[in-house]
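Chain naming follows the written order as A, B and C, and within any one chain the residues start at number 1.
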Amino acid sequence: MSAVRETLDALGLVDHHCHGTVTADLDRAAFESLITEGDAWPGVSPFDSPVGVAVRRHCAPLLDLPRHAPVEEYLARRSELGWHEVRRRFLRGSRTDVLCVDTGFAPDRLTTPPELAEAAGGSAYEVVRLEGVAESVQATGVEPDAYADAFRAAALDAVRRPGVVAVKSVAAYRTGLDLDPARPSDTEVTRAARGWFARGGRLGDPVLVRHLLWTAVDLGLPLQLHTGFGDNDIRLHRADPAHLTDWLHLTAGTIPVLLLHCWPYQRQAAYLAAVFEQVYLDVGLTLHYVGPARAGAVLAEALEITPFRKLLYSSDAYGVAEFFHLGALAFRHGLAGLLQERVDADELSLPDALRIARWAGRDNALRVYRLPGDRPEGD
Amino acid sequence: MSAVRETLDALGLVDHHCHGTVTADLDRAAFESLITEGDAWPGVSPFDSPVGVAVRRHCAPLLDLPRHAPVEEYLARRSELGWHEVRRRFLRGSRTDVLCVDTGFAPDRLTTPPELAEAAGGSAYEVVRLEGVAESVQATGVEPDAYADAFRAAALDAVRRPGVVAVKSVAAYRTGLDLDPARPSDTEVTRAARGWFARGGRLGDPVLVRHLLWTAVDLGLPLQLHTGFGDNDIRLHRADPAHLTDWLHLTAGTIPVLLLHCWPYQRQAAYLAAVFEQVYLDVGLTLHYVGPARAGAVLAEALEITPFRKLLYSSDAYGVAEFFHLGALAFRHGLAGLLQERVDADELSLPDALRIARWAGRDNALRVYRLPGDRPEGD
Amino acid sequence: MSAVRETLDALGLVDHHCHGTVTADLDRAAFESLITEGDAWPGVSPFDSPVGVAVRRHCAPLLDLPRHAPVEEYLARRSELGWHEVRRRFLRGSRTDVLCVDTGFAPDRLTTPPELAEAAGGSAYEVVRLEGVAESVQATGVEPDAYADAFRAAALDAVRRPGVVAVKSVAAYRTGLDLDPARPSDTEVTRAARGWFARGGRLGDPVLVRHLLWTAVDLGLPLQLHTGFGDNDIRLHRADPAHLTDWLHLTAGTIPVLLLHCWPYQRQAAYLAAVFEQVYLDVGLTLHYVGPARAGAVLAEALEITPFRKLLYSSDAYGVAEFFHLGALAFRHGLAGLLQERVDADELSLPDALRIARWAGRDNALRVYRLPGDRPEGD
């Protein structure tokens, strides 16, 4: 095994963006629906896709099965062990020390951050999804002209809870990122809130989404932004993070902005990370969906110009514990592969390669979120 | 030779989107104009491009010439053999069992589907280009308020002919894919038809192009859509298939939609195939233009998240029979290379790799178009 | 060493787009600010990025230091040698015969074209940046209705100076490339000039930027266009060269258009070069920022469909002489690597590979700019 791979294998990762896992045993239909950003369609099983192949290859051994185990065997063994044990195995297997958990998306009953921490043998922090806060405020029946203050107060309450280290927005889903970058006026917000309250439904008004992003700036915590790949609720071209440029100019000098997922716009994200001090990125979600066979290729594009202090690791695991293991493994294999290749070609010194590995896998996240941990090198 | 390559080499492909070849001998200027999406410009021969290099490397041997034969020798031998024999050799060489032929673009006198089938030793089906149908209707002198009905009737007539298995639209060329997704009203269609009939020329009105796409939905057959790469009549950024997202939501549950070519938006196309049940893709046209040297790289991006049931093979050959051979060869080499690499790295089992190869090269197309053939595995 | 690499190593390059270097010794802060398109931020040194790694790896040996020298040693040795000697070493090291120098961007005191030529042991030509000309005209206090004539006259004066071979526009920075393609009327230009003169500041009015591009057409010289990657003054998605399509149609048959940088839109640029006679491209700037470890991957995408007569070399070096060396080295290593790989796989004949190498590194530029030189092959 290469020196870089050894270092990355031994490194306790910081997973700066993930979700809980479903606290129930899953039948085939339920499991399949959780390993795709689409659905399980007749004749097109999510197992017949890169992520399905990767689950059978890399997750089966942790359930004491041979590599490439057949689907039925895999699911039978998973049920036999029970969700609790399965969760423990994959979270331990991921060797993740720290988890930052987005608790704001929970159509299923999910593992809580402390439960994830216990399963992983590490610690967990919380990320507050601001759209959820806004929708809770709307549900209280507040008057439109009190919405802005009520939202800000609720968001402040939410982020002051112990263990909260960041906020998140899914503006990319709700409106796309091609928004007017300016902070909306009180009058605009009240008018937009009136419209939303009359219509009901989830937060999707462009003025209110902008207001949400600017409220994030006021909160002062790092802001995680969904960009790129997701389910079919996204308009992919409007989730290109390059659309954020004007907003990043206006908010320079305020909060760190963490671009999540990014694929297929990882080069655009890298550009932003290279030219804006406050911008960081990961290729979470992408890593387990493309699998270890392509994780290195995607990371190589993401790293073409990204400063090494700006790449973070996240799994974006949701629902099934497999994704904690698979994301971590794809990250370790992919990053180690590309760094070692450069060391072997004498394009990079080994000490530099090891430093980059530790930064991306752990230290950059400790630094951005001001988390405790062994004092990161180089700070 | 690798096991995957052997399987792909032995597989009778289904080429789900191609055109006829010119039924005449070609001088240098004519041949060059057919092997570029641009033109033959002074001092910039299309032979001095990736596709030209690939023709000399991979097509020369089928004309009994050495690999990398000089251009003049290649063209002389081609003339010596005659277009009929050349066509036979390349179509046989492509080992294509089934061809779905777009018969709606014929600035040249072209081989018909039965002639292609005979040359290939396989069978041929027809794809009806709807813009051609619309323009035929316009040419009849129909009244604008009768256009919608007349177009639908003509399209129904066209697809009811024996051997028709799909329709196609080049909306990407005519307006771009960034269209209002909604079905236009009768009033809108009549107004737009009035404008078109007064202006004349080809179909390019956005309302009528939308109407054409919705008529395709009514016809019930699979719809092939040009996306991405083409000649300079395209605005490439407006041919990004991600622009189809809203329309795909509105038409979910109706017809299969096959995204053709896709490059350089193969990842965007893969995203759509991963999140919409009805979406399929190929990287036809691209394969012979980038040549075997890069076909694997493009396929690897296309397959990053595409469900293995969603990738199809097409040559998009037009004009010269070389492209049937070159497209098939680039597909076989590229796909075999990437699958075998994963088998060798133990990222994929060999049986899975062989299954994916057969699906992509043949079975997925038989399934989408409901074509006869050996019963595809796994159905 | 491979045959292709030997040929490229021995080839005197034509660097068709570069800038001067700072004529002063640089402290760490000054040096760092010149090796990033962002800034030097606390805790995020530009040395901790792909370009910084490449400088320590590939530039240190030319300063008599070991590969991967520590930053402090590198900078100390650089100061010890002095900027004059450092400039000489890197320019000689780049083995560049001909330099086309954009003299219109000079926030620092920079080496002049003759000084660069002397340092390189080659010859230098000048590229006139049209935005600079326009801003000089504005500064003369001309009346708005005389602006168009005055700008044209000043541009003509500028390009008639000896040694001027091309003009350049940074429209991508000022407005983005998604401009109305039509030539603006005199009335529009006068109105826009009135607005600009009242507001002051740099040229950024869309009408005047369009007018500038059309004036370039009238001048008749090759036009270099910034596209893609740059500092944070760019909106990356609006610098996609595909936006130029309509303008390229309107200006077909007039001047050569050279797309600079292009990343991450090198495939879009390749498409334009494949379908418009007048379009050429390079991946300058990108090459040293991604470094030799990724230059081959970027070039491979750029060359997927680009006619081999359409790729040029540029360093886009600015400020530090290291970039002349690094750009040339990344180009040579990257292009040689991909061509030799194809020769080894028998996808390309060796004579073809050598021809492509000489065209891209030298002959294509001599041809487009009508520069003297050994008579390029194949003309």
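The rule is short, and it goes like this: contacts are C-beta pairs under 8 Å (C-beta built on N, C-alpha and C of every residue); 3 or more make two chains touch, one makes a residue touch a chain.
These figures come from a predicted structure and were not determined experimentally.
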*asked:* Please tell me whether the contact surfaces of subunit A and subunit B are same or different in residue numbering, using the over-half criterion.
replied: different
*Overlay subunit B and subunit C by their C-alpha atoms and let me know the rotation angle in degrees, rounded to the nearest 5.*
120
*Could you please state the distance in Å, as a whole number, between where the Cα atoms of subunit A are centred and where those of subunit B are centred?*
37
*Do you know which subunit C residues sit against two or more other chains?*
none
_Can you tell me which positions in subunit C touch subunit A when the two form their complex?_
36-39, 41, 43-44, 46, 48-51, 53-54, 57, 67-68, 229, 231-232, 234-237, 263-264, 289-294, 297-298
_With touch defined as at the start, can you tell me which subunit C residues reach subunit B in the complex?_
240, 242-243, 245-246, 248-249, 267-268, 271-272, 274-277, 300, 303-310, 342, 345-349, 352, 356, 367, 379
